[in-house]
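Heads up, the next two complexes both have chain A, just with different partners, chain B and then chain C.
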Partner chain A sequence: MNVETSTNQSQQSAFMAVMASFWFEFKQNKGALYGLVFISILAFIAIFADFISPYDPIEQYRDALKLPPVWAEGGTWTHIFGTDALGRDQLSRMIYGSRYSFYIGFIVIFFCLTIGIVLGLIAAFNRGFIENMIMRLMDIILAFPSLLMALALVAILGPSLENAMIAIAVVFIPHFVRLTRAQALSELGKDYVSSSKTMGASTFRLMFINVLPNCMPPLIVQATMSFSSAILDAAALGFLGMGAQPPSPEWGTMLADSRQYILSDPWMMGVPGLAILFTVLSINLIGDGLRDALDPKMKTAKS
Partner chain B sequence: MSETTNSVANKDPILSVVDLSVSLPPRADRPFAVENVSFDVYPGEILCIVGESGSGKSMSSNAVMGLLPKPHVKVSSGQILFEGQDLASISDKQMQRIRGSKIGMIFQEPMTALNPVMKVNKQLEEVFNSHHLKLSRKEVKVKIIEMLDDVGLPDPTIIGDSYPFELSGGQRQRVMIAMALALQPKLLIADEPTTALDVTTQAQILKLVAQLQEKRNMGVIFITHDFGVVAEIADRVIVMKLGKIVEQGTAEQVLNRPEHPYTKKLIATVPSLSAKKKAPVTSDVVVSVRNLFKTYGSHKKSFFGKVGRVVHAAKDVNLEIRKGETLGLVGESGSGKSTVGRCIIRLHDSDSGVIDFQGQDILSLSQSQMMPLRQHIQMIFQDPYASLNPRRKIGDIITEGPTIHGVSKAESWKKAEELLEIVGLDKYALKRYPHEFSGGQRQRIGIARALAMSPKLLIADEAVSALDVSVQAQVLELLDEIKTKMDLAMLFVTHDLRVAAQVCDKIAVMKLGEIVEYGPTYDVFTNPQHEYTKSLLEAVPGKDWIVPDLVFD
Partner chain C sequence: MFSFLFRRLLVLIPTYIGITLAAFAFIHVIPGDPILVMAGERGLPPEKYAELMHAFGYDQPLWKQYLDYVGQLLQGNFGTSFVTGRPVLDEFFELFPATVELAFFALFFALLIGIPAGIIAAVKRGTFFDHSLMTISLTGFSMPLFWWALLLIVFFSGYLGWTPVSGRISAMFFFDTPTGFMLIDSLLSDEEGAFKSAVMHLILPAVALGTIPMATFARQSRSAMLETLNEDFIKTARAKGLSPFRVTIVHAFRNALIPIVTVIGLSVGVLLGGAILTETIFSWPGIGKWMVDSIFRRDYPVVQGGLILIATIVIMVNLTVDVLYGIIDPRIRKQGH
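What follows is the complex of A and B.
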């Protein structure tokens, strides 16, 4: 019998090869690479904020109110990004603020992924009544403008950063449920699932061991994209006074605090505004790169 | 094999391919898709290019059509001479003029080759419009009707006014042919045009191609992997292997007196259509199916008041399989043959009937009562790419079943090693992922997975249909070996009558959910009773070609 020859490469190198090809694909997208660099730097800053930050973010320097940044007229090197209306150092607030952004992003994505995957899989495995209940509920959530819905939820729960995150997660979950269900349904039609069924595999086993790993690539992409939306929405809620509460140096709250000085001291809003812009942009670029690398069939599709 | 063969020699070829090489990108598994290939096509002949998947047969025709996936794959040397022009060196613009008007092409998938949102008329009109012929709308209309009539479509006006999804696969392929031939090309390239079709439709399309070719004195390049099809229509044959031509000659020579060892090997693996007389199996009955009914769709009105369409996938099906016996369930697509297999293994719920498995009615059992029986009935699936979980290691895939049924990890792992040896793979395969294996190897893994449960009944659902012919022969041999060694009952679901003739003891022919003929293989093949069985056997390509007994040196 003609037994095809097998190369005796070890498992380790097979894994390395997969990662190498992933990296090769990802690298093709220059935007994604820049995004990754920016986010890596930001992550470094967030982790080592205590060591990097020149001042305490909530300490008020009464003798230096509304100081402009160093490049503007009258700026000093003591407060590089200037100070706000209460004399707090903007640079330190920005540095500590990055922590909030990651915190919001990770917590929201964690809830979205776990709840979204579980509901999506349940819907896919129980076609009919249960599926209809879950999916219609998701449709209802989607029918509300997302920020309005989040606002309403925060109004009920009370304004705080934690409640804002819960509200944002609730608003994002339907996307994850839909994506998981659609992926799982297409996988369920494949014969490897039939085969497991003929072995007598339990539904739980089919869901989490057989089907779920094959649904992950688009979910990872969706999670990345939602990470940035979560930061954006949290900033919006903060700006409206419904998110992080003063004096926490959250970027959205900082925007809200400096709103009244937009004409006289535009840089006070400019600094956190640009930080949000670049963070969200970078994460979205990474998301694009991930999609190209993980999910070639979605390359031309819109997000 | 027609008499034109001898007369071609004194005509000028319409197409000559000289020393053509097509290079692949640097990281491909070989440097050239096609290497130093030369052949001629004469007017009024059908040239078949045969080879297994990856042999470069489609690449050579795509090179002629200028359809190579540039810039990664391109013609690196050689000439493609057509009407005094070298197609390998002309611009894309010039190529566009030749494509469609001078050289027509038809593809394997009639579903994807037609635009789904455009009526047939419109698509045919496009062909005329894109080549700037000075024709009035009226003339075009008349032409279109004529063309559709030419390819044997019954009501050209009605067909012209339909969307592709309203047509059957055969009709779609006819529309494709009409489109390809609209501008009276001198050369037609057909890339596996019948592979996706049922056997009776395939026979009709092959006949049509041969007819049109004769009528218009065209040259035809017909690409196929099926030696039956070659025997049916070829005048001359080219055999390709890994991008090189290994043998070239008249159909009669290549099919009956092949020279090259590779051709010999390929032809030797073509299953013969003549069944051998076998002694009836008289051992215990393992499974017997009585009055099985299964319908898809429902009679109930939907929310919007539409009445669902009901399809009978199984209508009063009766059959039984004994220990050590192989029952072939044959039929065309949509006949319900796969459904019956999946009902027996309880992947589908049946509407009514009895499936008696060693004295127990499977259909009356609940899912949990079914559990202990699960290991006795196992299945091998058609698509080796979809039937193995791409994210799990082979070892995990094979041992999944036994672990569910309480066998310890170490024990099932050890058994998996033995099984891999039985199916002809080495034990290192256990630690690797499915994508590292070829189609044939994956099918072996699928078999090992089924055997890991030590089943009594094995259902092979088109288990060899997706494989190349030489691999198919090996897998069939393996299945037969296993069946005899383990004394299994086997339900062999297939659309391929050649394969059925070789492996099955008994045959059940299905049509629209009903078994129309049921009997020992030899009787069914030599003396078919039902009209449908007769038409199926009549439609097998190359049925008159007796596969030669080859002597290997």
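What follows is the complex of A and C.
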């Protein structure tokens, strides 16, 4: 009993030490910190959208159509970012739209991580036929440009945000499978795996308890980068009319709505585009910081 | 070298079986009966429906349909468009040069700026130039492509009025297009100003499409150069008193080429994917717009055939990149895999 508690404690303090050194490495990277700050603010906005947002995002104010933002000529403080062609308040739509970004990113990387890790580990532990089947299947998915594949899948499933997320996840999974398999294969040759095997550990235990934790650092980085790619791809699908459907205030769909007014009212496309850009940029910066902090070997030759 | 190539080609067979299966499955899992889609709003009498089902072979068992389909593909028959009634392969070859032209100049633009910028950033590491370049390229990397394209249109077409908004050439020109490449065809024609018009139409979409690859190239060539610049043989070359230019370009850059070639190869898939958005926004009549239009029009044979043809391009490019590795780095060729 006593022994167990002390191991627990030492494990806990070891974990704290790892986290502390991780944070120390991470905060060296100024860009990653800025990214983290931006994403934290965005998360706050997304969570408290109901309280922050001045208007309902899909309410149409018929007396204020295509109102320019406050800094442009003719703008008013009642609609800070102006209104769209149907008179909906842009600021409120932006605030609610932030929820979609997190929703898309988290759901997509959840599918990618779970399915990618399981398939990758199965491939690594079953060299030969099963491995070949899995890896060839991934090659087939990778043979199609990802946006085209996602478009075709959404065409099959029917256009909606959920189906767009499924399609994006399918397109991203091969990267996770390849990464997991490659990492697992390099771990499999190591002594700790052989000794665990000698002690009679089951394959399941070897896969998920012994090998997987050591495969995680690059997977976490990949997941972060996929989070931002998922937001970009979902916005692209929304822009093509194959993602979120009106009237949902998803940022890509908002851009699609503004497209016909780009020459007459160009400000309409400014705010949603900038929002996507800063969100994706922040997540990519965080990804860079994570890469440097999690694995010094993978460090992108930074000055 | 040949056994290396042969083995790489052999692996393609199962991949191709998978690709054709995927394209074949597409028509059968998609909601909506293809015959009814073809018939349109008015519908069909039952006997006509059965006749068409038979004519297209949809009444056969699935495995037989698949084998027939592959047999047709092997004979170069990719089906006929529901909408235009023309063979898919003909349409593909008619539109493909437009995409090649666009992608080629996008890639050219990306390489021309991205790689030198990355090299200079690596040599001048830690300077203001380095930091700003990395910030700009990360921004380019995070930009939604379609938004960037719209921004370019707003600024260069709308505000400055320099470039046209869509298409490949002004509608006032009529000439034969023997090669399908508008820049060449406009030069061959006698029309005055046609070449200039073609160039002006090409610039904006090429820049839009090339921006993300450019950012990737700059980042990749910077980090590849930084790695090789630290190697011992670079110190040796410097110690020998070679000029900094020679050390950077001949000694370091050549060894940094492998990761750069990899990224260029990968960017072809990115370019083809990006072409879908770019061509749609600029009404550029290439295969990207063709695929999007066909998906929206439920023109299944075109989607099916197009998927296979586009996958073929991606596979061929990957194969070329693998072969290029062997040429750049003889060590890979000798290992034989």
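Annotations
FYI, the second predicted complex is superposed on the first by the 286 of 303 C-alpha atoms of A that agree within 3 Å, B and C clash if a C-alpha of one lies under 4 Å from a C-alpha of the other, contacts with A are read in each partner's own complex, and residues count from 1 in each chain.
In the analysis below, a contact is a pair of C-beta atoms (placed from the backbone, for glycine too) under 8 Å apart; a residue touches a chain by one contact, two chains touch by 3 or more.
All values reported here derive from a predicted model rather than from experimental measurement.
Judged by the touch definition given at the top, the superposed model places A:T198 against chain B, while chain C stays out of reach. Legend: residue contacts after superposition of the two complexes on their common chain; A:K190 is shown touching chain B, with no touch to chain C. Of the two partner chains placed around the shared chain by superposition, chain B is the only one that A:N210 touches, whereas chain C remains out of contact. Between chain B and chain C, C contacts the larger number of chain A residues. Applying the stated contact rule after C-alpha superposition, one finds that A:A152 touches chain C and leaves chain B untouched. Chain A has no residue lying at the interface with chain B in one structure and with chain C in the other. Taken in their complex, chain A has these residues touching chain B: 1-4, 6, 8, 11, 14, 190-192, 194-202, 205, 209-210, 213-214. Of all residues in chain C, only 14-15, 18-19, 22, 26, 29-31, 122, 125-126, 130-131, 138-139, 141-147, 150-151, 153-154, 157-158, 219, 222-223, 226-227, 269-270, 272-274, 276-277, 280, 288, 291-292, 295-296, 303, 307, 310-311, 314-315 touch chain A in the complex they form. On the chain B side of its complex with chain A, the touching residues are 342, 345, 347, 370-371, 374-375, 377-379, 381-383, 386-392, 397, 400-401, 404-405, 424-426, 428-429, 431-433, 436, 438, 440-441, 446, 449, 453, 474, 477-478.
Against chain C, the residues of chain A that register as touching in their complex are 31, 136-137, 139-140, 142-148, 151-152, 155-156, 158, 228, 232, 235-236, 239-241, 252, 255, 259, 262-263, 266, 269, 272-273, 276-277, 280-281, 284-285, 288, 300-301, 303.
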